[in-house]
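Quick one: the structure is below, and I'll ask about it shortly.
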Amino acid sequence: MRRFIQSRWTRIGLMVATLGVAFFGIPALVHAADPNGADTIAANPNAGLNMAWTLIAGFLVFFMQLGFAFLGAGLIRSKNTMNYMTKSFLDFCIASLGFWAFGFALMFGGSKLWPGLEDGNTVIGFSGFFLTGENYDVSTIMGWFFQMVFAATAATIVAGAVAERMKITAYLAYSFIIGALIYPIYGHWMWGGGWLGTLHIGGAIGARDFAGSGVVHTVGGLAALVGAWMVGPRIGKFNSDGTPNLIKGHNLPYVAIGTFILFFGWFGFNPGSTLAATDLRISVIAVNTFLAGATGAVVAMYWKFARTGKADLVLACNGALAGLVAITAPCAFVAPWAAVVIGAVAAPVMIGTAYLVERVLKVDDVVGAVPVHAGAGIWGLLAVGIFADGTYLDVSGLVDGSANQLVLQIIDVLVVIAWTVATAAITFYAIKKTIGLRASKEEELAGLDVPEHGTEAYPADVPVRVAAATGAAD
Amino acid sequence: MRRFIQSRWTRIGLMVATLGVAFFGIPALVHAADPNGADTIAANPNAGLNMAWTLIAGFLVFFMQLGFAFLGAGLIRSKNTMNYMTKSFLDFCIASLGFWAFGFALMFGGSKLWPGLEDGNTVIGFSGFFLTGENYDVSTIMGWFFQMVFAATAATIVAGAVAERMKITAYLAYSFIIGALIYPIYGHWMWGGGWLGTLHIGGAIGARDFAGSGVVHTVGGLAALVGAWMVGPRIGKFNSDGTPNLIKGHNLPYVAIGTFILFFGWFGFNPGSTLAATDLRISVIAVNTFLAGATGAVVAMYWKFARTGKADLVLACNGALAGLVAITAPCAFVAPWAAVVIGAVAAPVMIGTAYLVERVLKVDDVVGAVPVHAGAGIWGLLAVGIFADGTYLDVSGLVDGSANQLVLQIIDVLVVIAWTVATAAITFYAIKKTIGLRASKEEELAGLDVPEHGTEAYPADVPVRVAAATGAAD
Amino acid sequence: MRRFIQSRWTRIGLMVATLGVAFFGIPALVHAADPNGADTIAANPNAGLNMAWTLIAGFLVFFMQLGFAFLGAGLIRSKNTMNYMTKSFLDFCIASLGFWAFGFALMFGGSKLWPGLEDGNTVIGFSGFFLTGENYDVSTIMGWFFQMVFAATAATIVAGAVAERMKITAYLAYSFIIGALIYPIYGHWMWGGGWLGTLHIGGAIGARDFAGSGVVHTVGGLAALVGAWMVGPRIGKFNSDGTPNLIKGHNLPYVAIGTFILFFGWFGFNPGSTLAATDLRISVIAVNTFLAGATGAVVAMYWKFARTGKADLVLACNGALAGLVAITAPCAFVAPWAAVVIGAVAAPVMIGTAYLVERVLKVDDVVGAVPVHAGAGIWGLLAVGIFADGTYLDVSGLVDGSANQLVLQIIDVLVVIAWTVATAAITFYAIKKTIGLRASKEEELAGLDVPEHGTEAYPADVPVRVAAATGAAD
């Protein structure tokens, strides 16, 4: 009975999709804007180039899922690896179906960015469900693809923070909600024609988040914070006096491998957000992205080296990721020297946030998702208001003599925190009271792989597992 | 002596290539169509964009080789990992050289798709050998590249099915044959101007296989079936009463990693098959590809979860791959809602085919290559005839009120089965009688790595291997 | 105190960067050529396509870093894996910051290739520091990105050769120097308007190295030779009579994985070096790259198989890489048949160089970086003079009836050897006398991971490590 409830809840996404096909899908055959693109390219000869650019960038963003998979898998113990990989693989599938069914419509309805997105207001959109009718258009579908991989990124950030104790069913239910509701509604405010992206202060128009330090990373990072807090720390993470223990992962080279892949994918994430290769600012965006990531890694590594004499690879990787997260909002608005500064600051911001999360809030964030994505993400939002130099889209920060943009960015930070913490708390609370968030103590101690997935991650290496079973390990 | 025969046989590809250089290569300096592309781009200003698109898509398809490598490596035991990786790495090298020497000419000769492909009929082509003479042209060479990575994909599908017992020499001989003969001749019928792609029934013109559910995946999957059947099951796979045992792989997270990479590469496979970014249908193709893969994963995972309460990662991955294989033929012809349906159906088709292969045919397909590539591939071919909505290239299926296309697709299914099973059977039989297909019983029990490759896969981790050698493992 | 010196030295890059921001960065706000690209694309409608092509190719080259990471990690023992991965990850960060601060200006100053690069002579450049002022231009920044990933590739080649005994601090200091000085100055001679690329002999103008067999690979490979020689062989590598022992790596499948990734990235490396997709020669370049790599793998594999009856995966991978390195210089100038020959010759050149390095020079090159990158790289430089067929950029070799180009290529080979050996020797000698090159004997025996990085690579798999510590292993 309990199993039935669990599975029912998590099947909601699937049922909704099925119903959607029945009710919304068939009309797609009747109404369509430009499903083969002949009219679109006749009207705009650059449409092919810009579509190719946007799609390829989207492919790279998709590939970041593998980076997250490696990163998290490296930082957990082998007994929970199947569980983590299943979450990592299924969350983008489920979140994307949620985004297909609802999210895209809530986020871009009313934006009129592409055909079939006419209906919506500054708070929420309500056109674009299931990519049907007028949405069956090459431009709208291109837009959906690029936005979907962003939504899937926000979803998967959480997996690492709640690893090693959250039930698979609970996690997949959350994945659907963030893709269908949490991410899109805030996203609408910023990118979908909503109030936050159009707010005027002085001459500055709209809070700016070019590629999603806020929309993707801070949302994901704060959802991770709430999730990790509500599910509670792993057994053994904190001592009775509240001091934390380091629980080492089982494959630390995977952390560097995952970071390489994420870094690679970020070249789709940021430069692709122009949605146009005819916008030559893409080279500046790519270089800013690179410099911030490289600087974040170097600063984090040497910070630790100066203190301990050890070159900490995992911290260097998180430093790179913090730099990349931080540059995501300002990447298009700043000069290369500013990217170096933003990356350099991101590293200590990440380190400080990690201290705050673990030592002050006593939250067990297994992979450092909160400091990397929320800590550096908030810094990135503020950096727009500081370093935007006025050379692109008329966005000017303190270095260009204007404080208005910084005020807008501060408002954005407050909004993203309030929205995400509130909705993530409601979501995880609701899941806790229905499905239950956490595996049993026995399952956690044994590892989630066998009870939830029916197999160990490395089953043929029996001698290792036998040895592990003696209790000397993990 | 036996070793000499073995190596001689497999060196055929190399000798042919060498001879080819001597006889065909030198004339390349004399005749050439447009080897630097100056005339081509003067005639068509979009040639640069479309070439960039096609090449980048081809790079992604090439990268799928790594996905197949991870996927198979994860599902085998560590004692056969060097053998599998060698097959996985060398098969694309050898198949591609076979495609360079012979395959491309047999497949596209007479198609007149690019310069130097004038000679051929509807059954077989005979111009384009070794990319010499008029083939030394930027467009022809671009076409060769994209088609070659497809041929290499078909070849590598087989590696997983015959893993852990087929000899390396036998497998590499087969790789050359599929790249040089089996794949190209059927491919000619469908894509090279041959009879199958031009057959008329009512108003429908030609069986349609946009990116190769049939040409690549069904051919590869059925060759895998024949190969796995002829080499026989692994020792211990079937009990004396015919019931199968589950032989677990040594690194199941690799299955998810491989699937992520394959999914990524599929964005080259399907959208790239337009060979043009000026054809804006590429966005619809990308989204259909994504939706079918995501839906396949979700359906397969929940199907198993509903029955056992376990979230089976390997099955979810195979579900994603089945969705991707199935959408490959219809990806350009259907609407997003239909992609969801095609992916949803692909999962049970894959599961049913797996049952058929293992329980009825008693064939030991180590990685599930047959259900994923042949089962879902055939479903994909049929899906064109059902869901094609008439918005692209005038291809109309049942949902658009026409049954003619479905009839053509059924003919195609029968043809691909007959051709592949027959030629693969002849090929593997010939290899069996000359080189021999199967490693000795002693080699199989010890693992193929040391006898065939001279080293274990993880040699420095001696304690693990020592423990394994005690017999408690694998 | 010693630690302070060590860390101080390696922090030079960071301090320089900080100073650079203070002195050079701020003016970027004042002077700029075309920071948002509006003028550039108005002047050249193809600028968007060519920028997209160049950036995407650069992303692929960046991704090669992951290939090097896997390759090296597979060939070392697990006790040094954190050390290797840290080097692999940080070297591109540090080398690229060195290239940002100094290298780009030394290399391209005076080339006038892009805005802000006016000052320089044929020996050295001196404009373009920190991407400031007139360099804040979309074209210049695009150029920087593509060149930077090449510099980072040269840097990381060394990591594998000196693995398992060079100190992390020493290695990172070297990384900064190669990115800031060694690579760029020779690069200026060849690609930055310097004397080597403009030297006239008969009708031939300039030594030619299309994508860097010399500039990137031979420089990296020879720096690796010098580094490996100066740091000395690993304990146990050579017996007292000078004969070498094979020290096996801990994860040989990683070698194939790394090779797949490098192969994939090479499609950015070579075809991207046109910096333009409107140059349709890109298809020929891609195919030549592929054919040389595939042929190198097949020849190396069968060479070993003919001698030992074993299919050696690691050698096949190095054969593929040798083919890829060799084709890098001539890729644009030769026909496909010549690419097959170049790849086929590259394999024995690599094997012969490996023999020379290990048996004659008695240098311990852990991953074979010297034979693959320097051996095959030199062969590639010479191959331009032999096989260039005159169809592209008027470069003609022996097959087109001219010997002048070959003379230029021989000069280039002598220059690159003299320059790299001399500067690398000075660099490593200076590091040896200040920081010290080599870890202590105790650290080397225990593995560098714990003493230098504070953790093992696979810490949660305690039973394996415990067993390893008994001394039966590694």
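First chain written, first letter: the chains are A, B and C, and each begins at residue 1.
Operating definition for what follows: a contact is a pair of C-beta atoms (placed from the backbone, for glycine too) under 8 Å apart; a residue touches a chain by one contact, two chains touch by 3 or more.
These numbers were taken from a predicted model, which means no experiment stands behind them.
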Over half of interface residue numbers shared between subunit B and subunit C means same, under half means different, so which is it?
-> different
Once subunit A is fitted to subunit C on CA atoms, what angle does the rotation have, in steps of 5 degrees?
-> 120
Inter-centroid spacing, subunit C versus subunit B (mean Cα positions, whole Å) = 33
Hunt down the residues of subunit A that sit against at least two other chains at once, touch-wise.
-> 49, 52, 56, 464, 467
Residue positions on subunit A within touch of subunit C in the complex are 46, 49-50, 52-53, 56, 60, 77-78, 248-253, 256-257, 259-261, 263-264, 267-268, 271, 276-284, 286-287, 290-291, 293-295, 297-299, 301-302, 305-306, 308-313, 316-317, 320, 335-338, 340-341, 344, 389, 391-392, 399-400, 464, 467-468, 470, 472-474
In the complex, go through subunit B and note every residue touching subunit C.
-> 3, 7, 10-11, 13-14, 17-18, 20-21, 24-26, 28-29, 32, 34-38, 40-41, 47-49, 51-52, 55-56, 58-59, 62-63, 65-66, 69-70, 73, 81-82, 85-86, 88-90, 92-94, 96-97, 100, 130-132, 136, 138-139, 141-142, 144-145, 148, 168-169, 452-464, 466-467
